[in-house]
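Shown below is the structure under consideration.
Note that the chains take the letters A, B, C, D and E in the order they are written out, and that residue 1 is the start of every chain.
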């Protein structure tokens, strides 16, 4: 029931646009950067942005309830980064029915389920997480030699994002590197550090760690250094947080996969503005990933959180 | 002898109805029980002042629909708490139920059977808890802490961490369709509430549950089968976890292999705000229902009035404490 | 009269030492207390058989170092549990403490003062809980559920969700440096354990804490200031949360704004496996320490022997229940 | 043998290192009041609990109506018509008086598994019963928790009397009761006995024992050391037997 | 006035709709035993709790040694030398006997804030004290939980006697006690009184009241309806006063 939600704003004046952003939890650096990027873009374009977030990465129904509450309020555009591929569909159905644009951020909504629920996604903005994982795999293969053992330290078991990244990595290194074991550290730095320390004890021949999160990568790197194996064991993590970049510059981790959540946030707002003004926009915008190594780390750090200057990302919605 | 008037007559000169009123007002139970409804009214008024849209029919019905799963889980938790126990495995039971439901669906079973599978899963977890708590006599806290982890592990292993989409109209139907604006899933939760109210207050089992929760030694001395009553209580709790799994799957359209521990804390908060004693032996059904609605209204209301995501946990914490304090302050 | 031999002499023909032994074996408390150590031995033997690396000095000391934070938090939780209470805000206190410590560091305060800030933060959360539980008399569960959310919100607001790096040698020193292989942080945890043992068993406050936990009404009738004792208990609990924050920050070299609810569940599981009664009034210090070590060994052992992430929750759940069952089965 | 309602033979029970019962034996005759007296900690309550199935004795036999029985739970004892007012395990505090009175004996209506409580009827009956006891107890819907010590005891006794079919066991039933209430309970016991029930009562009050009982058993340190017909013994002799000053009458 | 140790005037206390005390007044003389008798639910325990600060009366005044006092907590009453053996709130079950005996009176050694318990000394002293009472209580390191009803009561009384400095209040102290133990407690009370303490005792046992007390107050339905010197009244008259059959002697 949101009959009043589709009131079109007067043409041209983007100042009256109200955008709602439904995110995953903000205590995570990655999603925090997404919110920042969106907010910066909204401020720049003079639109109002309301950010709500799930309480944790498994808060499927809580996130849906928040979307439902926002739906009642009637925003001009909804940006959603769902915790699962279907959890927001019930709430999005009436929004879509009213013709309000919906931008899907980061985790893709299941297309067939969306179709059967009658939800029309205006556009998708995000990185394919498997692509990011593959980039990690390639970077790892550059550093190690054939047959070397690597361990995977995942996020929360069952988290779709984490799983997709691990899958991408596994696919990429398949046949070249040996994955000795996969453990879960719940996106927690301390747990990742402790798990890495244990793995190094159990398997001193290990040559690399891959993890889908930047915070965890830092923890693993610490474990490696404390085991006296700095430089001998490669730690590669996705995200490319500021601290990760600093660590690369300082000669810690050899590489990271930067995913530009900040950029995703900004682009999703651009998509909203474009859709609201009636422009036809692409149905999917894949934000790029950048493999950061010691060579380009300083440049990436200087430009943070935006992409480095030589990495041109035009507004795909202009 | 039985007709002799007691020399110790406590009748006062004030009228009977005044006395009843005074007794009711002085009754500490009443205040405990009033917590959830009063807080609900205060909250509704506050939110409506900030944003009048809060008190519109579409908004209310949408929030009530969102409170369905919390209500069902709070009702389940009520049975464990009434036994002076707790079921920490409740949230992971929801996950496992949705996983087995997804597996059943993948195996091509008809939808109604998939729902039964989810409920049977919840029931089995409850039975496991109940048997160990009742017969082996390990504290409920440690048993359900163990089974929480165990059940979480099972749902990961069964699902390999991947959700199963269940794109069936008939399933999402209950979460979307409404009768006069009130969604089906909320009506289902209410129906379950009525049923459990009857079980708790109008059957022998209900009385025995309260007695065992109050004082298991006294209950045993009176001939109650304490272990069996505990088993039944935990089975109901687990079953509600299974029902929650079905409702969740219907709500989000897929299974959910990862456990959301928020469900657990919210369910128990609803039970306590609803005036059920954590020391067992005293319970209501309406209380936990109102408690669950209160917590949902709070969460949705904050979203509706535009409180930033950074501030909402803070506000929720303050409101929970304030709600509890408000009522105790009256004593 | 005082010298008259009682006609009811219970001395048996068996010798005194045999009787002492028999009494000890029959003592249910003893079995409860033996749970953690026995389970620890069984676990160590099992893991060592699967992977002999488990029982090497580097592996043991590394696992003991990892158990530091669980130990400190379990010791804090012991004080709440001894009061027949619980502190659900413990894990979020750790997060808030590390955030305030990070802020203090960013503000340029010297490191020792940053550590004090973290501890003061924990102490304040404990004091808040204690005051509301003791004087307003709201159930501990609901108070700390509220403060959990409140504290979580504060750390989110203060940190804006971002960790602060604290790259100070002096801080990481305690997590890295070892004496004969045993890390400093573990030694600190042990020292805290000894201190709290003295507090609990060799001061008046400790006795009063047990008495209030056992039966607050009787304690009040004996003139104890129940509210004040509760306050002190929760303050110690919160303070341990603050110490946990310092140790965590030292361990990972940065603040950690996200609450890890695992800390809470692990702390309470350690307390219960350590033989402390959830109904209050009975506690040990060594029990929770061993319980925390047990859980850490379990987790690390599973990683060490290469059990997949999907299977480890299942195994942990089974071990927790089995540990508890093993001991009860003997009664 | 037909006039022996209950016989306990050589009951032993050890709690850890405490030998609470060291081979206690006694009998109670049908249709009369049998008293058990003895020091604190002599094992009286433990013996009673062994008889009602609340505690399983380590060894010994229990015979009721000439048949060996072995109650593994108080449920079986209650099913056999034995009601007990325990010294310490009386009532469910937070439940109302009527719920306590009808505990595990609730009246229901309905068929098959669909049986619902007849709450109104139970309340009315409970009210009548309590009034009958003439104890000053407030409304039967009140929680037992708020009653005074004596009021609680009265409720527990009312329940025992209400359901006993053959044997009623009272462990220090009037310890918390006032004068009037004690007289009331004693009157009740007499009525129950006149109606043919057998009563076993533990008491520290020797006057009461003299007034009520036909047979007294004296316990000391886990043993039943003496059994006498009440009419054969004077109050002073009873005192002597309990303290051990005299060993036989 | 100097021989009046305690005076309660017009104490009222209502619990919800129950008027437990409706303006009760009584006095207790220094160095003698004053008894309170009355039906179950008459308000005796409530009156005692008002005096010790466990309950705050709705109105009324309390005078001790001629000075108006208002104890807001039992701590203050204990600090003023008043010890109480409550009917229901006796002991911390899971703590040992010696810990209960020394509750809030623990012996410590050390200076300033660094004070540690003298555990050994307290255990030895506790042992001596309990042995003195000649009650068959096991080791003082045992938890109170596992004691028999009478043993528990004995521990509670021992604690009261141990710490009283001026006034000791006993609410039905011998209700759970056996013959020998009751005699023991009565002897103890006499010794305490001989040593100059004032004793206030609630009891349903009229023989005991006659044996021990010098003054009796009769309570009925929240009021103190009569006060008489024990020597002026016979046992039957006391019964009559309590039941209301006679209104004055």
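Just so it is clear, a contact is a pair of C-beta atoms (placed from the backbone, for glycine too) under 8 Å apart; a residue touches a chain by one contact, two chains touch by 3 or more.
Predicted, not measured: the structure shown is a model, and the values here were computed from it.
In this assembly, E is the chain whose CA centroid lies farthest from the centroid of subunit B. Greatest centre-to-centre distance from subunit D is found for A, with centres as Cα means. Averaging Cα coordinates per chain places subunit B and subunit D 41 Å apart.
In whole angstrom, the spacing between the mean C-alpha positions of subunit A and subunit D is 72.
Note: centroid distance subunit A to subunit B, computed from Cα atoms, is 35 Å. Subunit B and subunit C have CA centres that are 29 Å apart. Residue positions of subunit E touching 2 or more other chains: 15, 18, 39, 41-42, 136, 138, 243.
Looking at subunit C, residues 8, 10, 156, 160-161, 309-310, 312-313 sit in touch with two or more other chains. Residue positions 26, 157 of subunit A each touch two or more of the other chains. Of all residues in subunit D, those touching subunit B in their complex are 52, 54, 73-79, 84, 86, 89-95, 99, 103-104, 106, 108, 115-117, 119, 131-132, 134, 136, 138, 187. By the touch rule above, subunit B contacts subunit C in their complex via residues 88, 132, 136-139, 141-143, 145-154, 156-157, 160-161, 261, 265, 268-269, 272-273, 278, 310-321, 324-325, 328-329, 331. Within the complex formed with subunit B, the residues of subunit A that make contact are 1-2, 23, 26, 35, 50-53, 55-62, 64-66, 68-73, 84-90, 93, 110, 112-113, 116-117, 156-160, 163. Within the complex formed with subunit E, the subunit D residues making contact are 15, 18, 37-42, 45, 87-88, 135-136, 138, 146-151, 153-154, 172, 175-182, 204, 206-207, 239, 242-243. Here subunit B touches subunit A in the complex through residues 51, 53, 56-59, 61-63, 65-66, 69, 155-156, 159, 161-163, 165, 167, 169, 172, 175-176, 181, 248, 251-254, 256-262, 296, 299-301, 303-304, 306, 308-310, 312-313, going by the rule given at the top.
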